[in-house]
Every structure is written in structure tokens, then in C-alpha cells.
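Take a look at these structures.
Heads up, the next two complexes both have chain A, just with different partners, chain B and then chain C.
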Partner chain A sequence: MEFGPHLLLAVLEGAVTAAVLSLTAVGLSLVFGVMRVVNIAHGEFFMLGAVFAWLMAQWVPGSAALGFFAALVIAPLLVGGLAALADLTILKRIEYDPERTIVATIGLLYIIQQVTLMTYGPDARAVEAPFNQRLALPWVEWGETGLEFYYPWGLSITTYKLAVIGAAGVILMGVWLMMTRTRLGLVMRATQADREMATAFGIPVERVYAVVFGLGAGLAALAAVLIVPIQQAHYLMGADPLLLSFIVVIIGGLGSLPGTILAAAFIGISDGIISVFFSPTLAKILATLLVGLVLVFRPQGLFGTRPA
Partner chain B sequence: MSDTARVLSLHLGLIGVLFALHFVLPAYHHGNLARIMVLASYAIGYNILFGYTGLLSLGHALFFAAGMYGMALPIQHLDMNALPALALGLVAGFAVSAGLALLALRTTGVAFMIVTLMFAQAGFLTILYFGDYTRGDEGFVIQQAQRIVAGIDFSNETARYLAAWALFSISLLVCLWVVRHPFGKTLIAIRENEERVRMLGYNTHRLKLGAMILSGVISAAAGAAYGFLFGYAGATFASVQYSILPLLWVLLGGAGTVVGPFVGAVFMFYLIDLSSGLTTAHMLLAGIALVLLTLFAPQGLTGEVRRRYWKTLP
Partner chain C sequence: MAKSEITRRGALQGLAGATTIPLWARYAQAQSSEPLKLGFQVHRTGIGSAYGRWYDRTTQAAVKLINEGGGINGRPVEIIAEDDGTDPKRGAEVLEKFANQHGCDLGFGTLFSHVVIGSAPRAGELKLPYFVVSEGHHVASGMLNRYTLQPGITDVKSQVIAMAPFVADNLGKKVTMIFPDFAFGHNHLDFFTESIEAQGVEVLEKIAIPPAETSFTKYFPRIPRDTEVVYHVMVGPAVLTFVKELGEFFGPSSPEIFGFIDSLEAVDLASPGLEFLEGTYFWEGMPRYAQADQSEHDTFYRAAVGVDDNGASLSDPADVSTYAHMFGCWETLYIIKDAMEASGYQGPADRPALIEAVEAMTEIPESREHPQGDKLFNGKTHQVFGHQFISKVEDGRMVKLHTTSIEDGLYEDEVDYTAQSF
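Now for the complex of A and B:
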């Protein structure tokens, strides 16, 4: 393949990564923004979403599509419920102390991961996509006979991947509307702005925290259900989304929703490009170094206004 | 008995008991204890930064791996003798911890944890990236012929145990010495209230830098010793898990106590050893232990002893 079509392919693959990543990262960002705690177990909630999607595909009789759409609803609810429960039994009891929360969620990470290993097993399992047509993409080039229009070999995308990008856009729009237009969003923003004042106004802050923690985990699970027909469900799959979400949330500015989405697009697409042309490991090395350096020299993030 | 005498007899007693165990333990536990003593030295290094200075690092695997690869790569690729290679491991640990400290200490709290985590992850990925030299996850074996120093073969159990014991004794005594002298006491003061220490005229940044380098060099020494004594270097030792484990041992044993890291490492090692008959998912126990410790015993085992019976235990 020529350089141009190759680059387009890298950008498209990157856009799929970016779409899923933005959902996962917005979940992490919400939890950090409202509760001021870092959830290290976030990647495991993502992994649980993928595993539940596989279970649904096994349990629900009939077509693969039916199981997939059931998973799209049920997996985030289950995972969100589980996270809210963890919040009420663990995080609430240590009073959301930032450092102890990190240690506790590291513990939670291992518990979820290892219980999945013991029950679901060490195999990577695929889930069938509800629809999956291959679309060849055209490429335009200035050749010897003027403008040429052709279909380069290998330059294609599936309808499912396009649907993932669209779905992520719709869900993000939904989150944004919820934060800005609904009572729940208002209560969340009030808690974020000033916890004590919110308590004084009768907002049940602890219930808001449980909802936010569940919502953040639910978004990660939703992202995983979307990606599982492209990747496979595996008990160790949570590590990469966790790392990338961190990178996105920090570069986008902790707790800033538009910054998070911008950064997800930036990281997802550049990850795609560097992975295609150089190596995925190199892409990750550069991204992790970038995060470290951003936190050291520009703690408010590249787009944010508030220090971490 | 004066307090100093009690403290000295506790720590020297522990070292003495570990030496005596060399002659009585059955082979299996003898091998385990050698491993535990090296890992406990790593935890002692970690504890200097976390327990005494109050800086929670999630990237100590970087220092452990710096020591291990600083020692193993020259042996593997340059046919270097073991002794200078071990010294190179320490130098690598010093360089890496000084470099990371200069960057990471510009941040505090949660940002410090994430910065250390990210740089350690970058280090781990770099080891994978240069798989041609490091053999990545698979790692490489350091041959028996390369593990002989001054005629002593360190693949031999006796030599291995005594070397591990020596490393542990030195780490323990260095830690004890530091925390009973002004440098260590200032570190504890920084942990309790950094603003106030700065107001008293101390350069807290330089003290924290010193603590992080000391912690990094001890961790690197443990890493180099682990690779050398057990004859293997692999990328697993640079992964996040190896940054979490010393945190777990220190939390379990008691952060900010000299013997805590050893107590935690022994408990966790045997807990996992016993459970390995039941399940292969042994990190489950680590997870449960972390959650229960944060919930119910943030002081750890030795911390509880100090709280109840021995208020001045260092």
C-alpha cells in the first residue's frame, strides 16, 4: 500500500480506538472530577463489561445480534451496580481519602481480575458482531493521466467499526446532556464544586458518590461491550484501557469533559498512526512519558484549567 | 533495659535468628527464606520513601529492574565479571532513581503516584521494546559459570542464603541507622508536616531527593541480588505488579517500622505459598489483603504492636 492510503487506514483504526477510549476516559474523569479520587480498578470494570458481553452472547438464545444488544444494556447496569456496591462498602468507609482509595482500588483490581481468572478462565474469547460488512474505501491520487480514482488493496473499514464511532458520539452527547440539562447532572456538578455546601443544601452527597462511581464504571463497561466484537474478551484486557484512560484524562485536564474527549481523539489517532508506522510498544512508551512530563510540568493538563 | 538496648537487641536478634536458621531449616523453607530476605530488602528500600518520608511511589519496580538489568545485561552481552556487574546495577539504580526523583518530586500527592507509575510503565515498555537485548517477558538465564565471584559459586544454596542474609542485614541496619539519626528524623517530620519542616529552615526538596535516591539504591541492590542469586532477569520484574508488591508488604508489615517490611514479606510469601495448592489465582489474596488492610488496619502488624505495646519502636 502507498503511504497515503496507509495513513488513512491508520487514522480510521485510530478513530475506533479514540471512540472507545473517550467513553472509558470520560468514566474515569467523572469519578475524578466529582469524587476527587483515582480509581485504579477502572480497567477491570472495562474488562468485566467485555466478559459480561460474552456471557450474554452465550445465554441469550436466537441471533448473535440479540445477545449483543442485550449486553449493551445489561452489562453496564451490572457493572455499574457492582461498582456502586464497592463504593458503599469500601470507599465510603475510608472516607474517600485520596491515597488510601488508590491502595484500596489496587486491591479491588486484583480481586476482580483474579476472580474472573478463576471463573471465566484464562482464554481470550470472541463475540460475534451484530453486523459486519466490509466497505472498500476509494482513494484519489494525481497520477500520470490526471486525477485517478481507485480502490487500493487493503484499504477498507467494516460497518461495525463505523457504528462504534457513531455510538460513542451518541453516548457522549447523552452524558453531556445529562450533566448540563438534568437534575442529576446539576446535583453532580454541585457536589463537584463544593462538597460541604452541597451537603448543607440537602444533597445526599454519599448517594451521589455511589451513583457517580457506578456511572463511571458503567461507561467503561459500555465501551468494552462495543469493542469486544473487534478485540476479544480476556481477563487481562483491563490494563491497556486503564493506562490509556489515565493518559487521556491527565492530558485533557483532570475533571474536564471536553478536554477529555479532545485528548481521547488526539491520543487514539496518534496511537493508531504510531502503531501502524512504528510499533505499538513505542506508541505506548511515548504516551506514558508524555503523561509523566505533562503532570510534572503542566499539572492542569494541556486543555484543563485546574491543577490535579 | 534502655530503649536503645531494646531496639538493638530486637534488630540484631532478628539478624542472628536468620543466620541460625541457615543451619536448621529444611531445604524448601531455606530456599524460600533466601528469596524472602532479598524481597524484604526491596521492601525496606520502599519503606524509606513510603513509610518514613510519606511519599507513596507506584513505580519502584523501575529501580528494582534498573538494578537487575544493570547487573544482568553487561554479564549477558559484554561477558563482564560478576562483581563489576553488580556494581553497575547499583550505579544504574542510583542514576534512574536520581533522574526520576528530580522529575517526580516536583509533584505531590496523587500526581506523584501517577508520575512514578507512568515512568515505571515507560521503563517496563522500554525493556519490551528492546527485546533483542532483554528477551522481553521471556527474560534470560544468567549461567552458573557467570555467577562465580572469588571462587564462590552463588548458584549454590549455602552461598545464596548467606548472600541474601548479608544483603538483608545491611539494608536493615542502614535503615535503622538512618531513622535514628537527624536525616531520618527530618524525613519523618516531613511525612508529618512538610510545611512546618520547611518553615524551620530545612530544604525539604533536597531531603526528599536524598530519601528517594537511598530508597532507589536499596531497591536496585535487591533487584541486582535477586537476578544474580536466582540466575534470571525478565521484564515481569519491571511490571506494575512488582511496584505494588513492596507496597503490600510494607502496608501488611507496618509502614514506618524497620522490621515491618520483613514481617509483611514473610506473611505474604507464605500466604501465597499456602494458597497455591488451592488456586492459581494467587494475586487474589494480595487484592483482598490490600482492601482489608486499608479498611481495618492501616498501621499494619508491626504498627499495631507499636501502638499497643512499644510506643518508641523505630
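Now for the complex of A and C:
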């Protein structure tokens, strides 16, 4: 494949990765920003979203699209509810102590993963996309009569992949509006800024924590529902999103929404380009190296603020 | 610490427990009535789980028949299954459990080549006969040991040698290979490249993909424009995504596609997005769809395992089998039976005699015990050689087009395991 179309394909594939990654990472970043806890089980909430999407596709009668859109609403709600419950029954009991929270969420990771293995099983299961047309993309080159359009071999994307990118954009806009324009967002930001002061002003901090934990997990589940028609639901699928989300959140700055989104776009698209032109392993190596450099030279992340 | 003394309650509990001991245990003093314990190393979880599920069903079906027929040497056969998580390190631990904890007579049933390579050295140390059903060339290459045998399924080297002339004569002269980046995939790379180049075919590009990869479109632009044949073989939980994205990449203008059925094992050919496979070619170790000239042995085997004419489970048409590989478990169990009977196997002390009995085997006729077809076993390399099938997708079914002869897949011995001591 020529360089131009090849690069375009790499960017498009990277954009799909970036879209899903930004949703997952924003969920993780929100939890850390507001609650100051590191949620190791985040990838498993992602996986649960995909598994629930598959279940919905089985249960909802009628067309594949109906099941998928039902999953788009119900899976994040279920996963969010489960996460809020985990917050109330586990994290609250250990008083959000940073070290103990890490250990507790590691435990949660194994519980969710193994229960999924015992019930849903070890197989990768496919969910049908609600729509999926292949779009061949044109490219231009200098021909004998000036600029010419032609369709290079393999340069294509599907309508569903474009829809994933669009949907991620809309959802992120929604999250941003919620954080900046609603009362819930205000309460969250107040809790993030100073927990004790927020308590003093009558904000029910523990309820806010439960909502934030549920919201974070719900965003991961939503990302998984979007990606599952492209990949497949599998009980081990949570590991990669967890690693990449941490990479993104550390580079972007824990708790910074714009930083997280920019870092997700950067990591997703560079991952696409590097894995197309060199190797996927090199893409992971470079991303991890970047994390190391950020931690050494700018520990608060590119867009983070130093905690007071 | 509690004092250990016999209480009335404890004694009663002990008595109650004793009445639940299975019947055979009452004859424990007579060694010949004890069951033979076969340790089944199964990929229940991890990237090989779809194969594991069907290897298990095939094994259970074969053992049921063997026991109904009187067992082996008059003793019933018991399968001790342990999950290896499709993980080499865990695989070696599972063999240790078989040998030291369960007291198994042997281990068998492993598919994924990295697990075989990780486990086989431990089998040699434990002096535990280890019958793999893996396709990998590692047994016949000489890298393993005298305790490891592959008598139920042909290895990749033989498969691709037998297959290459068909690709060269019928599909095209410029090939791009896509294969998983671990031992099994590199067997394909090495031996297919070697044998196809001998046919005057050029291998343009070799694309290695990590077996745990979930997204594939990014690899496909490396397929050169002048490729005439794409040769693909993929494993892992994402094979459906792999094949689907291959179709999306090419769209309507695809080159000839020749795949190893591994890329589609346990996947329904009727899945949405796979329509482009119509008219493409597959290697099959055993035809998934019942063919027009289906043998009575295949009919019998299919029914015994519980597989319908489309290669799916009788109870769930969406549960597609790994038909091209799982016959290996069935046939391996019958090889074990024959060898145990030939050597008069009684217990672990007879393990060397058991291996010598397998090594002495040569021609294996097609039968209910060997429904995939007749085979030739090479005692020196511990590897069996059989027929291979090339199928073409027509109307959403794979139809057998060509059957290779056993001779097509023979190659020179690379090792003589019989020269190694036990």
C-alpha cells in the first residue's frame, strides 16, 4: 500500500481505539479525580459491559439493532449500579484508604473476572453490529490529467466504526456538560476540590462517592458496548483497557478531563500509526516509556495540577 | 490445638463416610481391577478454551465407549481432567499434579504448541508418558523427549508439505502469509515457505500477529498489492474478528484466499460478515460438514461425540465444534488402548513398555477407532502421518475438493527417540 492511504487507514483505526479508550479513561480519571482512589477493577467493569451487551443481544427478541440499543442503555446502568454497590459495601468500609483501596479493587477484579468465567464461560462471543457497511475511501494522486481520484485496495472503513467515533464524541461532550453545567457536576467538583469543606457545606460526600464510582464504571461499560460488535466479549478482555487507561490518565493528568481526552486521542492514534508501520509491541513500549518520562519530569501529568 | 481422640460422633461420621466409597474401592487389594487413570491436560480457560471444550467432549465420548467395551486390560478408564489455562507454566504444574498427586498412568490431550513445549520437559523428568494432540512440529523435530508422543494427529510440517503443491498449481504464484506469532505459527512460516518456494512460488510478505491480538485491520496494509494468494492461519479468542476484518479490508476485490481451518475453528461459517469466504479454500484435518462420500466411521464418530452434519453440537446449532482437530483425542485414546493391551500394561512400572509398544506401531487402518482415515506412525520420530483435506466454501458449506495421500506429507526423520534411554 502506498504511504498516503496507508497513513489514512492507520489514523482511522487509531481513531476508533482512541474513541473507546477516551471513554474508559475518563471513567478512571473521574474516579481518581473526585475520590482519590485507584480503581484496579476498572477493566473488569469494561468487560462486564461487553458481557451484558451479549446477554442483551440474546434476550431481546427481534432485530440485532434492538438488542444493541437496549444494551447501550441497560448495560452501563447495571454495571454502574454494581459498582456503586461495591463502593457502599467495600470501599466505604475501608474509608477510601489509598493502599487498602488498591488491594480491595484487585480483589474485586478477580471476583468479577472469575464469576464471569464461571457463569458466562471462557469463550469469546460475538455481538452483531446494528449496521455495518463497508465504505471504500478514495485517494488522490497526480495523473496525466492532473489530480485524479481513485480507490486504493484496502482503504476502507465501516459505517459502524465511524459511528463509534461519533458516539464517543457525543458522550464525552455530555460528560463535560454534566461536570460544568449541572448541580451534580458542581457537587462533584466541590468534593474533588476539598472533601472536608464540601462536607462542612452539607454535601453528602459518601453519596457523591457512590455516584462517581458508579459513573466511572458505567462509562467503561458504555465503551465496551460500543466496541463489542467490532471485537468480541471475552472474560479476559479487561486487561488491555485497564493498562491503556492508566497510561492515558497518567500522561493526561489524573483527574483532568481535557487532559485525559487529549492523551487518549494521542495514545490511540499513535498506537494505530506505530502498529501499522512498525509493530504493535513497539507502540506499547513507546507508550509505557512516555509514562515513565511523564512520571519523572511532570508527575502531575501534562494537564494535571499539583495537589495542594 | 484440639486433642485428637476418638469420639462417638467422630466414629459415626467415619462409618458414614466409608459407606459412600465407590464400589471399585472395595477391590483395591486386587490391582488389576483399579481404574487406569489418564491425566487429561485440557485448555478449559485462556486462549484455547474453545478447543478445550470440544477436546473434552470427544475424550468423554471415546472413554465411554472404551469402558462400555470392557475398558483396557479388563480395567475401567478414568479421566482426570485438569485445566492448564492454555499457559505453558501452568501446563508443567498440571503434569506434576498428574504424576505426584493423582497417581495418573499418563498425561494426554494438549493442543497449543507453547503449552506442549513448556510441559514436555517436565513429562520427561517425571517419566510420565505424554500424548499430545497438538499438530506442532516440536515432537518430530527432536526438541522434546522419549516420553512425548503425537500418535493421533499429523504435524504442521507434514500438513503444509502435502498442501503446498495444490496452492501452487491452482491458486497463484505470489503468496502473502499471515500467521500467529508463536511456535505453531512459526512452524507454518518455516515449512510452508520452504515447500512452496520449492514449487516455484514466491512468498512476498510474512505477517506475524500476536495470538492474543483483538484488532487486525492495522496489519493488513502490509499485504502487497500484487499478492495472488493470501495464506492465513490464526488462533485465539478473536479468530472471528480476524476473518471478518480480512473480508472488510479486501471488499469486493480480493485475491485468492487459502486458510487453515484454525482461523475458523468453533466459528459458525454463517456468522454475519463472513459471506466473502464463499469460493475461498480451507485446509481441514477432517471435514467439518458431512460430505457426500461420508464414511460409516465418520457417521459413527460424529454421532458418538454429538455433532450434527454441519459440525455443530446436536444440542445447540450455534455451538460449532473444532472438528478438524478433535478427532486427535479420540484416535490418541485408542492408540493408548492398543499399546496398553499390547504391552500388558499394569502400572507405572510398565511405562517404558507402553512407550515401546507405541513406537512399534506402523500402519493404522481406517476404522471406528480411527475415523479420520488410515495413518502411518513413525516410531523413531513419535509422529503420525495421515491424509489432509482441502475444501472449498460453496453455498455456505465447506465441500471437500482434494484429499492428499500419506506419501505427500512424508519427510526425512529429524530424530530417533528410540535411541534415547528411558
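Assume the second predicted complex is superposed on the first by the 303 of 308 C-alpha atoms of A that agree within 3 Å, B and C clash if a C-alpha of one lies under 4 Å from a C-alpha of the other, contacts with A are read in each partner's own complex, and residues count from 1 in each chain.
Here is the rule we go by: a contact is a pair of C-beta atoms (placed from the backbone, for glycine too) under 8 Å apart; a residue touches a chain by one contact, two chains touch by 3 or more.
Because the structure is a prediction, the values reported are computed rather than measured.
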Legend entry - Partner chain(s) touched by A:Val38 [first = chain B, second = chain C, both, neither]: first
Legend entry - Touching partner for A:Thr281 - first (chain B), second (chain C), both, neither: both
Inset, instruction - Return first, second, both or neither, reflecting whether A:Leu117 touches chain B, chain C, both chains, or no partner chain. - result: both
Inset, instruction - Could you say whether A:Gly292 touches chain B, chain C, both of them, or neither, answering first, second, both or neither? - result: first
Inset, instruction - Mind working out whether A:Gly81 is in touch with chain B, chain C, both or neither, as first, second, both or neither? - result: neither
Legend entry - Larger contact residue set on chain A - chain B or chain C: B
Inset, instruction - Would you sort A:Pro204 into first (chain B), second (chain C), both or neither based on which partner it touches? - result: neither
Inset, instruction - Please indicate which partner A:Glu99 is in contact with in the superposed arrangement: first for chain B, second for chain C, both, or neither. - result: first
Inset, instruction - Classify the contacts of A:Ile230 with the two partner chains as first (chain B alone), second (chain C alone), both, or neither. - result: second
Legend entry - Doubly contacted chain A residues - partners chain C and chain B: 117, 281
Legend entry - chain B residues within the chain A interface of the complex: 56, 58, 103-104, 106-107, 109-111, 113-115, 118-119, 121-122, 125-126, 128-129, 240, 244, 247, 251, 279-284, 286-295, 298
Legend entry - Sites on chain A touched by chain B in the complex: 38, 90, 93-94, 98-100, 102-104, 106-115, 117-118, 239, 243, 246-247, 250, 279, 281-282, 284-285, 288-289, 291-293, 295-297, 299, 308
Inset, instruction - Give every residue of chain A touching chain C within the complex, in rising order. - result: 1, 5-6, 9-10, 13, 17, 117, 121-124, 126, 128, 132, 134, 136, 153-154, 156, 158, 230-232, 234, 236-237, 240, 272, 275-276, 280-281
Legend entry - Of all residues in chain C, those that touch chain A in their complex: 44-46, 49-50, 52-53, 210, 213-215, 217-223, 225, 237-238, 240-241, 248-251, 253, 266, 271-273
